[in-house]
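A quick write-up on the structure given underneath.
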Amino acid sequence: MSEHDPSPHDRSHDLSINRRDVMLVGVAMTGVTLVGFGETTAATPSAPVARPEMNLTIHFQVNGRPIEMSVDPRASLLDVLREQLDLTGAKKGCDHGQCGACTVHVDGRRVASCLTLAAKMEGRAALTIEGLTPADGPLHPMQQAFIDHDALQCGYCTPGQIMAAVACVQEGHASSEAEIREYMSGNICRCGAYVGIVAAIRDAAVTMGG
Amino acid sequence: MRPFTYARATSIDGIHAVQSATGARILAGGTTLYDLMKLGIETPGHLVDVTSIAGLDEIRSHQDELIFGALVTMSDAAAHPAVLQRAPVLAESLSKAASPQLRNMATLAGNLLQRTRCAYFRNGPEYPCNKRMPGSGCAALDGLDRGHALFGGSRSCIAVYPGDWAVALAALDATVDVHGSRGMRTLEVANLHRLPGDTPHLETVLEPDEMILNIRVPVGRLGQASTYHKIRDRESYAFALVSAAVALELDDGMVRQARIALGGVATRPWRVPAAEAALAGQRLDRAAALEAGRVAFADARPGQHNGFKVALGTAAVADALMIAAERSPSR
Amino acid sequence: MNQTIYPDRARVDARDKVRGVTRFAADMPMQRVAHAMTVPSRIVRGRLAAVDIDAARAVDGVLAVLTWRDFKGVKSAGYLMGGGFGFQSHQPMLSDRLVHRGEPIALVVAETLEIAIEAAALVEASYEEEQFAALLGDTRAEVLAPQPGHDMGDAQAVLASATFRVDAEYLSPAQFQNPMEMIATVAEWRDGTLTIHEGTQNSGALKFGMAAALGLDPARVRVESAYLGGGFGQKNSLQGQTVLAARAAMLLGRPVKLVMPRAQLFHTASFRPASRHRIRLGADADGRIVAASYDADMQNSRPDTFRASFSEITARLYAIPNYTSTARLVRTDVQSPGYMRAPFEHPAAFAFESAVDELAYAAGRDPLAFRLANDAETDPVTGHPFSSRFLAECLRDGAERFGWSRRDPAPGSMRAADGTLIGWGVAAGAYKAAMAPAIARLRVRADGTTRISLSGHEMGQGIRTAIFAAVTDGLAIDPARVEIVIGDPDAAPQHVTAGSWGTASSVPVVRRAVQAMQARFEEFRDGRPIRGTIHEMLARWRRPYIEVESRLQAPGQPDTVFDRLQRGLPAAAGPEYEPFVSFSYIAHFVEVRVEPTTRHVRVPRIVSVVDCGRIVSPRTAESQVRGGVVWGIGAALRETAEIDPRFGGVLNNDFAEYVVPVNADIGAIEVGFIDRPDPLLNEAGVKGLGEVAMVGVAAAIGNAIFHATGRRLRELPIRIEHLF
């Protein structure tokens, strides 16, 4: 049970275990609450489901905004972003961590959000393509470089490519074309925009000071 | 996916508390377990998330030993200066695995317990698989076995252990500290995985309530002259067709000791002592390296579609030895 | 002829795409949406004896579990190539009859995706299984009588007496399009109107196909497909899943979202069928190709007939006077195969251009010079002229850029300092220049906006950018406020966007609309002076807008093709027009490097030069060629379906095991364009590009591997084991 949510449905009494060592998370059907800011994105409450163990409350940040919400323990971060928070920039291309279309940053690192249990986001911070730059602000240098080098076609893998590319530069893995190719190989582009992607990252790495 | 309860442990005692109460499976990076849960192959009723436990995410570099906490991510270990310098075979086995995203998620201990990519295992119940459904048979035996084992298979299973890190660890005689309800014990990585025998669903010698806490790698004279050579169907982001982890101690071009382990071709990380022995005392040149490769694959038992891996693996071992030798401080 | 030289400009939808705000079908915000998941059949062929849905239905949050009994009154929308709308005629879940592995036997609809997935796994079924044929070579497969193809001269007799001969068989495996966007359907049923959000290349077929399947008035079926996350032929028709999702939405009265898992898509959508190609070629002592025969076998499904047309390009690549071809269809128990980028042309060019390379070596000729010496000036099949043909220019320009003159022709003769084997290979490709009928509606408003609605689907090829280039060329409008409406059959009739006819159909019709707009504007102006944009003039004249409609069909097509267009039926024409023949052409030059020890093959650089008529959108055109080349690399070295004949179905049904190229697989790809407008095909001078880009890449790679190693490999994909 999370400290933030002393829920009446706490089932940790079922297990005679030391609460200092384990947090049995779960319970409490509160839908989604976006805490700490007035305007919310159109968050869809998770469905009213009777089984209490199927709802667990988590607190995390998305694009700098604190969020408290109820999730199905089985839900991936990707599905929570897309289906409950209407952050549809991250895409589902395989749902098994094999394509990179779902790439977001968690605590500053790129991950496959489809293989990240949402439950594991407690206390963590996610950054998605929507949060890379302010909605009305200028583009991130990586976004601009993707346009300049036409590093995209259908655009479906593009948010994942860009989130991976930004991480690639931040990690210091953009020092040569060969290194970029290797460190961008977790993001499949079926349209085959790889040449443009590599050129864009080389370009943006300079702007980003990478 | 079958419903499960999710608990988050903040200490090792907490894990055992949850496990003893529920039989929960340990969840770390989740890149294997959650993937297999999505496929309906793993169906745990309870999960205990161990990633909030402090102190298990450190790498310590001692004079004769590198110690990796269980929860160190693959990417952190691959980029660690001491690992890169003292045992490149370890760093390469990690950086040539999976993708940057998955390496940021997957932990070193979890990676050891990665499960096979055998397509008959990963696909649905229409395919017999003793590993997925004990007693159902093995479709791979007379099937598409291009990706299956040349070493360590049985009439029940020829599924390949798919990992890279464990292969590199096996080459360096690494051990794991394992903690369970009955206390702590230490195992050799080379003995961590079982041969399939008649019970391919039992993959390691770990008890259900045991968890790997540390991975210890002796690095003394062996380590620096090492490499992980991985041949894949694409340049990156693919499992090994064949891989060779080698480490050498050379003295003026002569091999004092050699370690060779194979990946992608065996049911578990596969040391080849005969090939190591064949090199001992030899001058390492291309011919000696190729001979070691041949010895390494002398006992291979290929199936219908994977026979090419004998020649490919021989070449990979030879190439790996030559690459490792280049890194020797005393060639 | 189109004299415009179009400027380099950014992809018009790139800004939205890099910000992640472009909404694909599964991204549409939707109130009260329910989530669906299919339950796949576990057998290949037979009867569904029983389905037990009780456990699934008992799960909290499950709204419905549909089986075939819930589809009474629903019909198959028919097969796209047989007068209907579907990728195959077999619509799953209309009966207990099962005809291919993985077809849905039940549909679970639930409050959340997690619950739908959980419940789908609880559906139990029993089957009455029948024997089946999974592979092209299976003894239970039904081999149909050969379809006659081309027949010029006396190929067999001339072959028998030719000085140099090649007789070889080439194999191409089943392959899967695998666009990044898994096929996703969101169906809404409200006030008697069905709305389908789905990324499709054929929103017209969805509209009319759904109406036919569900017995609805087409006027009550709306389809929205503004963007696809890639199509590559897989999304060129009505999918079985669309009918399932729509039925569920109608029964539940709630929007239903069905995102088909990638593993299931290997069985629920189309694919490139396996094929076998026997090529016989003969050359005379002067190095002229005097005869060719081409006999192909191609995998088919049981119910549908997907015809093979491998020979369409190979009969025209060279001036071969004696030529014959046949194709046999082989019925197996699979979902119906269909179009996948360069569907016939890729395997045909691999076979034929490998054989031509073999013949050049047999005749002791340089493979490039051999091709140039055998170039065709008029169409060998019809005797008619080509509308334009710059294949020789592609070959010469490519050779120059690549440095072909430095090539030592002897196999195994070129090595890097570290012993790596270097191979240089060349191959040519062609693809029919097709056109489809199109209707464009252009409205320029006084408020400063412009709206153009026409047939087209944006799957990444850049059709919006090409349309934008055409609509802003010569029209005094505000380019920042142009709305391009495509993929919407209610805005303009929609034809399937495929076969590389997208730009060649849309750009000319837009140019017509622009001309009509200019003419109409002149009428209104009536000699008054022009000050500012059309918008400003309209505001001054107090006219809210001017609207024009233009239409265009392929040369020689009767006006009745517009009836087909209006009914969502395919109506494209080409490559034979009266009295000319139109193709796009390409030449690929490939360098491979083969590790001498492990035989690992890399492709560090490729030069590709294209004749596709006038280039309307230079930046996106270049990307499209690079993409086609990447597809060629994947097809040559990576992609194949692993099918165990005992079980049928595709074992490597994910992105980990069905290995498409990743970034590290791709080196330098240099693209050149001849960029000369075709004078006959259409007034924009545009021929097609998307498919020809891929044609010949695999052969050039195979030829380069031969040059590097001396090994002639005739089976795709060429994998490491083939080099041992």
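Going by the order they are written in, the chains are A, B and C; count residues from 1 in each one.
In this section, a contact is a pair of C-beta atoms (placed from the backbone, for glycine too) under 8 Å apart; a residue touches a chain by one contact, two chains touch by 3 or more.
Because the structure is a prediction, the values reported are computed rather than measured.
Chemist: Among all chains, whose Cα centre is located farthest from the one for subunit A?
Modeler: C
Chemist: Of all the chains, which has the CA centre nearest the overall CA centre?
Modeler: C
Chemist: Go through B-C and A-B and name the pair with more C-beta contacts between its chains.
Modeler: Between A-B and B-C, contacts are more numerous in A-B.
Chemist: Calculate how many whole Å lie between the centre of subunit A and the centre of subunit C, each centre taken as the average of the chain's C-alpha atoms.
Modeler: Going by mean C-alpha positions, subunit A sits 32 Å from subunit C.
Chemist: Measuring centre to centre with CA averages, how many angstrom lie between subunit B and subunit C?
Modeler: Centre-to-centre distance between subunit B and subunit C: 41 Å.
Chemist: What is the distance, in whole Å, between the centres of subunit A and subunit B, each centre taken as the mean of its C-alpha atoms?
Modeler: Whole-Å distance between the two chain centres: 29.
Chemist: Quick one: which residues in subunit B touch 2 or more of the other chains?
Modeler: 1, 3, 38, 235-237, in rising order.
Chemist: Note the residues in subunit A that touch 2 or more other chains, in rising order.
Modeler: 51, 54, 74, 95-96, 181-182, 185-187
Chemist: Return the residues of subunit C touching two or more other chains; collapse runs of consecutive numbers into ranges.
Modeler: In subunit C, 114, 117-118, 656, 661-665 touch at least two other chains.
Chemist: Of all residues in subunit B, which touch subunit C in the complex?
Modeler: Residues of subunit B touching subunit C: 1-3, 38, 40, 117, 119-120, 123-127, 139, 142-144, 146, 231, 233-239, 241, 308, 311-312, 315-316, 318-319.
Chemist: Any idea which subunit C residues touch subunit A in the complex?
Modeler: Residues 10-11, 13-24, 26-27, 29, 33, 35, 60-61, 110-115, 117-118, 178-182, 227-230, 232, 259, 261-262, 458-462, 619-620, 622-624, 626-631, 654-656, 660-666, 668-669 of subunit C touch subunit A in their complex.
Chemist: Which of the residues in subunit A end up touching subunit C in this complex?
Modeler: By the definition above, subunit A touches subunit C via 42, 44, 46-51, 54, 72, 74-75, 79, 82-83, 86, 88-96, 98-99, 101, 128-130, 133, 139, 143-144, 146-148, 150, 152-159, 162, 180-182, 184-198.
Chemist: Which residues of subunit A touch subunit B once you look at their complex with the stated criterion?
Modeler: Within the complex, subunit A touches subunit B at residues 14-18, 20-26, 51, 53-54, 56, 73-74, 76, 95-97, 100, 103, 109-112, 115-117, 119-120, 122, 164, 167-168, 171, 173, 181-183, 185-187.
Chemist: Note which residues of subunit B are touching subunit A in the complex, please.
Modeler: Listed in rising order, the residues are 1, 3-11, 13-15, 17-18, 21-22, 27, 30-31, 34-35, 37-39, 47-49, 51-52, 75, 98-102, 104-105, 235-237.
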